[in-house]
Structures are given as C-alpha cells and as structure tokens.
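Okay, so chain A shows up in both of these, paired with chain B first and chain C after.
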Partner chain A sequence: MVFKAAFKHELLSSLRSKSPQLVVTVFLVLTSISSIIGWLTVRNVTKIYNDIVSQNLTKAPNPFTNVPSLYYMRDSVIYVVLIGSLMSIILGAQASLRDRKSNANELIKTRNVNLVHRILGQLSAIASIIVLLEIVALLTSFILIWVIQKTPLNIGAVFSLLGYGAVSAILMIALAAIGFTFGTISKSEESSLLYPIVGWALVTFTIPQIITSIHPVALLNPTPAVSTGTGLAQSVINVISPLAVMENFKAIANAILGVDKSIQLSLVDLLSFSLFAGVGVMASVVISSKSFGRKLDA
Partner chain B sequence: MTKEIAIAAKNITKNYGEKSALNGLNLSVNRGEIYGLLGHNGAGKTTTVSIFTTLIQPTSGEATINGHDIAKEASQVRNSIGYLPENVQLYEYLSVFENLEYLGKLSGLKNPRNRILEVLDLLEFKSHLHEKVSTFSKGMKQRVGVAQAILHSPEVLFLDEPTSGLDPEGVIQLREIISLLNKELGMTIFMNTHLLSEVTKLCTQIGILKNGKLIYENSLSSTIDSFDETDSLEDIYFKIDGASKP
Partner chain C sequence: MRKLLIVTKKEVQDAIRSRQALALIAFLSLSILISVWVASASFSIKMDEYNLYLAALTPDMHSQALSRPQLFPLTLIRSGIEYIEILGALFAFIIGFTSVSRERSRGTSLLLLSRPIKKSEILLAKSLGLLVIWTSVLATIYLTSIAAIIGIGHGRLQVIDYVRLGIVFLFADIYLLFWSFFAVAVTARLKQFSSAILVGITAWLMVVLVIPQIGDTMDPDNQVPGGLFGSLGIVKATETSILAHFHSFDVIRNGLEVTSITKLFERVAFAFLGIKDKYNQLPISSVAKALESSLIAVILLTVLIGISTVLISQNEETLRRRS
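Entry: the complex of A and B
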C-alpha cells in the first residue's frame, strides 16, 4: 500500500512542480526534433555536395548516400547525455527535497511507514515519467524519420530504436536515483543539486577530456582513435575509462543504433555502464532510507 | 479513582554532542487532559515532543505513550499518536484531498476517502476539499495539518507551537478546534507553546521547562489558586521560572 501511495503521490507532485516541468519540456522538444536536425544536416550537406559536384570539384561519393535510417537519431544521443541527464537529476532531487522543504518528512517519520517501499514507489514513479518521455520522443522520431524517408523503419531498425530507448531510460533512471540521494542527504537545496551536477560534469566532460588528451578521441563528435601504444598513458586510460559513464553510454547507444562506426563498443563499456546503473539505484535506496528525515539547514 | 496516564517521561536526558537539551525530564499527562508545556526558546520543548513522537531517541531514560515504550514499542506508539509539527507546509501543488489521501494511506488507512470527509466536516473545511494547498493562508494550512494528524483517529495528539505565525482569527479558530478534539473525541492533547495566553484559554494542566528540566507541573486551576489573587498567569510564570519580568 505504501509503494502504491508513494508512486501515485510522486507522479502527481512531479508532473505539477514547475522546475521539473521546464526541463521535461526542453528534453522532450529537443529529442523529438533531433530527427529534424539530423535531416536538415543531411539536406544541407547534400546541397553543398551537389554544388561542388556540379562544379566538378570532387568525384567522391556523397558521404550521406546510404546512411543508415537511424542516422537521424545521432543527435538524440547527445541530448540524452546533456539535457536528459540534468532533467533526471533535477526530477530525483526535487522528489526528496519536496518532503524536506514541506516538513512532511517529520510527519512521515511519526508513521509506521516502510521507508524502502516508499522510496521504491517514488523512484518507480520517476522511472515511469522517464520511460513515458522516452516513448513519446521515440514515437515522434519514428514518425519524423518515416516522413523524411517517405518509408517506415524496418523491423530491425524499430528494435534498435527500442533498444536505444531502453538504454537511455536506464541511464536517466540511475541519474534520477543519484539526484534523489543527494536531495535526501545534502544540507541545503542548492547543494543537493550542485553536487550531482558537478559529478555529472566531471563524468561527462573532465574524464573524457583527460582520456582525449592522452588518447585523442573527440568528445562529442568522435573520430577514429589513434593508438598511443602501451605504457603509462594507456594505464591511465584503462583506470579512468570505466568512470566515463557518458562515453560508455554513447558507445552502447551508437552500437545499438549503428550510426557511428568510429565508436567501438567494448566489454568494459557494457560492464561499467551496467555497474553504474545498478549500483546507482541500489545505493540510492539504501542511503536514502537510512538518511530519511534529515532537516535542511535554515 | 486513579486516572490513566497517557504520556509519561522518566528521567529523560537528551544530549547533542556536548550540549544537553533535556536533563532528567520527568513528566506525566493524564488521559483526556490538554497539557501545555511552557518554556523559553531553547528550553527543550521541541526535543521533548520529538522524543514522544518517536522522531528521536533519548540519550537515557524512558518514555511511554498509553503504556507503550517509545523505544521498544515504537510501532504501537505511532499508531496511537497524531502529530502537527511547527510550520508544516504540506505538499503545495496538491489539493487538500490529495494531501490527506497520501498521508492517510501512509498512516495505514486503506480507503481514507470517507474518513477524510468526516474529518474535514468536523473541522468545517469540507468546502476546500479540492483546492490546492499553495493557495491557502497559514491558518488554513494549519487546519489541513490538524486534519492529517487526526485522520487515523489517534488517542494522543502532539502539537508543536500550533499557533505560531497565525493571525488573531486563525489563533481563535485553532483554539476552538483543539478544544473540540478534546471534548468531542476525548483526545489527550500535548502542546508546546511559549504563549501564556494559549495555556490560559485551553490547557487543563501545565508544565514549565527550563534548561531541559521540568521545574513546575500542576493543573491550571491549582496553579492559579496557589498564587496571589492579583497575579496574572504571566506573573505566576515569571515567579516559577525565577526570571525577572522584562
């Protein structure tokens, strides 16, 4: 009963709160129109290519001839890493902060409430919102690609799209759980958002930047990796690569969508991503239930 | 005939690091009383209520609610108490019904709808059932706060500075509600306050807390009888407290 009540309560509260509404809208709009952006890119490059060909400046084939149908989803991966991650952290943090700001956590602590069930109810509601957003974004992409290509995606591409949606949702649910934890344990509302966002920035930008410096691979527009051989540099990469969760996600997403042959999927990517998601959610439930009821600093 | 004790504390201490918030608190409240715990800011009033409501554990000593030990039988204690914290804001984006339905379910009510309507009817607040809490004044929020505290029909109600921040009209309305809960439903009510006027108008029994110790406990009528006829409760308070009246 507690799980169900918390689930319903969280759905209502999250969907009515203004700050989550804003990031949810931005995420939905960007991921939904990512196919249009991809299509515009192809159209513009093709137009320039045709001009160059008409001037006999090249005989090379159009780089966009025979691009896979899911090529148009390429930008969507970046939006999940950037906007989707922030949206999830905010959704999670706001969920636990709501109890603390309203003093409702004091009321709840004076009831016989199974806190683990309650937290699972809240996280499940946030997960449902994320899954729903992914479904809307993917459905929009499916329709837009159909319109752009004048033919629907084949069954294989549909499965790839669904697989990509599932991996994106897992990443965002894990980040929401981390946001939820910081919303429970931080001393102030500001720090509960600041800490996970700083952590996200480290994982998204700093660690890949270190890897890029050692082992030149572009961050958001990957190019084929240049081997630097073995030695200290490679050892550093081996140690910090699993921490670059967003790079791991991008590798998995690209492998599923099949849009970027330059990114190689490794077992380390899969393992570290799975570990991040699993440990993130489990740690959130344990830490949040143990720390429930902490007051915010006045 | 001996009266049943609803709330009891035996030699309770509570330390926060080096600082002692409660220092050997002994207290008892009979069933059906309205007990007012008076004291300056920092005297230990909120710590006392937090211990009785199982929010925190005492460093040493024992406390019982309706005979149930707050440490060993916390579950039974929680079933028999209602609590209204100071400055409860509730969930602003939700309606009165949605707030109460959620908190009612967390209190163990399987289908709280009828009980919510019953409680709001008692508090004369039924007309606001579907209004969002964010649109309410402090007094209206406090009424919803009382509603959530009594939803599961507790025998003992704890109120932490219930009239804090209310306008005069809100104070009068809340006072009427507290009186109603005591008289109509027979609830034992324990309230923290630093407002002597509240104690005079509501309480049947008073306690005065100073530096974490109960320095005085008696019925309101005996308290007034045992001092000079010309003394107001304010004068009596300062005589007991030993502090000079500002």
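Entry: the complex of A and C
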C-alpha cells in the first residue's frame, strides 16, 4: 500500500517537475543522435581512407570494413557516462529534496508509514522514468541506424541493443539511488548535488587515470587510448579497479554492442559492476530510511 | 571605493570561513600531484622500455637506433590542466553560486540593499572578491605545480618555464572567473536555487564535456587506436596534404570546438606548456601570435559575462528574492 502510493506520487511529482527537464532533454537528444555523429565520422574517415588508397599510399585494409551495425552506438556509451549519470544523480537528489523542502517529511513522521517501503516506492518510480527514457533513446537509435544502413538491425543486434539498454539503465538507477541518498543526508540543496557529482568525477577520471595513466579528457574518447600503466603493483590495481565503475561500464557496454572485437565480456567487470549497482541501491535504502526527516539548512 | 572594498573583503572572508577556498586548493593540488606522479611513472616505464630496446640492439645497429624519449617537464602537468578545465570549472560555478545564494538565504542581501550602496556596486564587489579568491587559489596551485614537477617528476625547470606556467595559470584565472561570473548571473536571475544549479550543471556538462567530446570524436585521427594515419603508415607531411582535401569537415569540427570556452582554454594552455607538439619549445611570442584568436575569445567572453552579471543586478528583484 505504502509502496504503491509512494510510487504513484513520485512518478507524478517527477513528471511534473520542470527543473530537471533541461538535462533530460540533453540526454535524450544526444543519446538519440549519437548514431548520426558516429555515422558522419565513419563516412568521413572512409573517404579519407579511399583518398589515401587512390594515391597508393597504403595497402592496409579499411579500418571500418565489416564494422558491426551497432558500431555507430559507441558515442552513446560515453553520453550515458557523462549525461545519463549526471541526469540520474539529479533525478534522485531532487526526489528526496522535494519532500525536505516542502516539509512533507514532518507530516510523514506523524503517520505510521514503513519508510523502507516508501523509499523503495520512490526509487522504483525514478527507475521507471529512467527505463522509459532509455527505451525512447534506444528506439530512436534503432530507427536512425535503420535509416543510415537502409536495412533494419538483425535479431542478434536487437538483443545486443536491449542488453546495452539494460546495463545503461542499471548504472543510471544505481546513480539515481546514490543521488537520492545525498538528497536525504546533505545539509543543503547544493551539497546534495555537488558531493555526488564530485564523487562521479573522481570515479570517472581520477581512478582510471591512476590505473592506466590515460589523461582525463582521453577517457571520453570512444576509441580507447593506449595505456602505458603507472607502474602500480597488480595487487593494488586489483583492489582499486572495481572502483572504476564507469570504465567497467564502458567495457561491458562495448563488449555487448560488439564495437571492438578485441573486447570480450569480462566476468570481473560484470561482477564489480553488479556489486556497485546492488550495494548502491541497498545502501541508499538503508541510509535514506535511517536519515529520514533531516532538515535542510536555511 | 571603500564600500566596494568592504563587500569584496566580506566575500573573501566568507569563502575562507566556509572552507571553500581551502577545499579547492586541497583538491586541485592533489589532482596536480597525482597528474605529475602518473605522468612521471609513465615516462619511467617508457625509458625502461627504451633501455631494454637499446640493450637488445647489436653494436652496429646503435647508430640507427630510435631517438631517446625526451622529458619536457611542463608536459607533466597535462592532466592537472585537464582537471582545472573540468572540475575547476564546476568548482568555479559552485563558488559563484554560493556567493549569491548565501546572501539570499541568510537575508543579508536585504540588509546590504538597505545601505547606501548600489546593486551594481554589490555585484561588482562580489566579482572582485571572486577575482581575489581565484587568484589566491591559482597562485597556490602554481607553486604546488612547480614543487611537484621538481620534487616528484624530477624535472629541471628553466626561467622561461616558470614564465610559461605563470601565463597558463593567469589564463586559468580568467577561465575560472568566466564560470564564477556565469554562476552569479544565473543565480541572480533565476528565482529558484535548484533551477540555477540545474541550468549551471547542464551548461557545464555541454560546454566542458559534451562539445569537446563531440569535436574529439569527429577528429579522423581519433578513430583508430594509435591514430588513423599512424596505423596506415602515413607521415605527418602527407597527412596534412590529405586532410586539405577534407577541409569542410574539419571546418565544421573546429567550428563546434571553438563554441566551447573550455576547448579554447585547453588549446592555449597546451600550446604554452608545449603539450601540443607543434608549439613545443617555440618562443612565447610565437605561441601567443598563433593562439591570438583563442586568447582574445576567452578574455572577451569573460568580460562579456562579467558585464552581463552587473547588468542583471539592475533588476530590482535580483538580490531581494529568496529561494
């Protein structure tokens, strides 16, 4: 009962809320058009390659011969890491902040409400919105790749697309749960957004840099940069690697989409990613229910 | 003038009390230290590989050996510059946002407005305060960078290197001021703090991360690991002549990149530090001339956003409203 009411209320409030609409629009537009960006680039590089071949300057094969149909989606993986992650943190934080700002928490505390059920209801509503957005982005990509290739994706590619969508949604739901927690425990509205965003930046840029020596900006390029390593002992790398959640996500997503044949789906990446998502959501429910009712600073 | 200085002083004191400036210095210093450590460790690995390669050569092949990798000390802080580009901009937005939101939520803006000081003077003083905060933070980071390059990277710096680094940090000051001014303008203009934060984060995301990322993705040489031309065995001179046939695509790509102040800052910083090969070891005047348009664009954008901030303050409700 509490779960259902919280789910319905959160769904309505989130859909009515105007504030996150800007970032949601950016996410939808960019993930949808990522295949066009990918296609334009591949087309240009192929023209360059043909120009080089016509001048007899190389005998190497075209690097884009036989690329899979989902190759055009590789930019989308980066947009999930960049925009999808931040959008989810914002959606999660806004949901818990809404109650704190309107003092609805005070009213809820006077009732016999199961807080865990309520939080699960709210998180499920946010998860539904994220899944809906992901479906729209995937559907647009599906249609655009159909138009670009003049043929629809085959069944295998459709399953890969769905698998990629599922992994992206799991990442975003976990980040929304983390955002929700910060919205519950932070003293002010700005810190509820800024702490998780700074954490996101550390996980996205700093940890992979320490492991691989790849520069932060190069980590945003869908073509993996050449890693020279930093001389860290393998045991240390093994300990900190699971913290590089975004790199794990990129590896899993690229393996599912098959954009790079050298990348195989790694069990370690899959396990550490699942662990992050599971622990993220569970910790969010526990911490948010224990910290429920904290007041915001003026 | 005295009224201006009082508000400026208060702005700086608030930043010190809230430990914002301290947190900024700590975070950016740490990122510089990590960057220098990572880059010098990576260089050591490269040197070890080179020594192994040399050892594997027979004496008669030594004359044809590949040249020894060279360490240009200023290039060690490349990642640190990228952190300033990405996270520095986010922190700059936060500092600017807090500068207005603090006054409005505490109600001190109403008190300020009851005193004989113009609204535009308040925002001008706040802007001066932000300038003082950022200059102090970056001066500390400048010294940290030098200490890291010498202490961790074992790099030998010449006098000219101190000057190059100084120019880059001065430019970083302007770049970060842009973001703080932008935050002040957005927060002063919008009724809700949450709207200001979301508009700011979306703008940061687009300008700092998405636009440069699209530009990088569209670069033909970023399509294949190790570079397209390198993988096809094409030398630099031939690469340039081939790319001349695809000028229009490059114009679009470059046009997209220059809409981002972050990319402009990066180009200037990488050129002065010699990270971009073609500017490495060039005299400062030549680098400045080559990057003239980027330099002017960043300064102009910062001045324009600064003026907009003061103009926005003319609106009666700007500082009065509470979120």
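List of remarks:
In this text, the second predicted complex is superposed on the first by the 275 of 298 C-alpha atoms of A that agree within 3 Å, B and C clash if a C-alpha of one lies under 4 Å from a C-alpha of the other, contacts with A are read in each partner's own complex, and residues count from 1 in each chain.
What we mean here is this: a contact is a pair of C-beta atoms (placed from the backbone, for glycine too) under 8 Å apart; a residue touches a chain by one contact, two chains touch by 3 or more.
Predicted, not measured: the structure shown is a model, and the values here were computed from it.
For chain A, the partner with contacts to more residues, out of chain B and chain C, is C.
After overlaying the two complexes on the shared chain, residue contacts for A:Val2 are found with chain B alone; chain C is out of touch. By the touch criterion stated above, A:Leu12 is placed in contact with chain B alone, chain C being left untouched.
In the superposition on chain A, contact of A:Gly278 is made with neither chain B nor chain C. Looking at the shared chain after the overlay, A:Ile108 reaches chain B, while chain C stays out of its contact range. By the document's definition of touching, neither partner reaches A:Gly156: not chain B, not chain C.
Contact residues of chain A toward chain C in the complex are 19-20, 22-23, 26, 30, 37-38, 40-42, 44-45, 47-49, 51-52, 55, 57-58, 60, 63, 75, 78-79, 82-83, 86, 90, 94, 97, 189-190, 193-194, 197-198, 201, 205-206, 209-210, 213, 215-217, 220-226, 228-232, 298. By the touch rule above, chain A contacts chain B in their complex via residues 1-2, 4-5, 8-9, 12-13, 16-17, 98, 101-104, 106-113, 118, 293. Chain C contributes residues 27, 31, 34-35, 37-39, 41-42, 44-46, 78-79, 82-83, 85-87, 90, 94, 97-98, 101, 105-106, 192-195, 197-199, 201-202, 205-206, 209-210, 212-214, 216-218, 220, 222-226, 228, 231-234, 238, 242-243, 245-246, 249, 266 to its touches with chain A in the complex.
Residues 53-55, 75, 78-79, 81, 83, 85, 87-94, 98, 101-103, 105-108, 110, 148 of chain B are the ones touching chain A in the complex.
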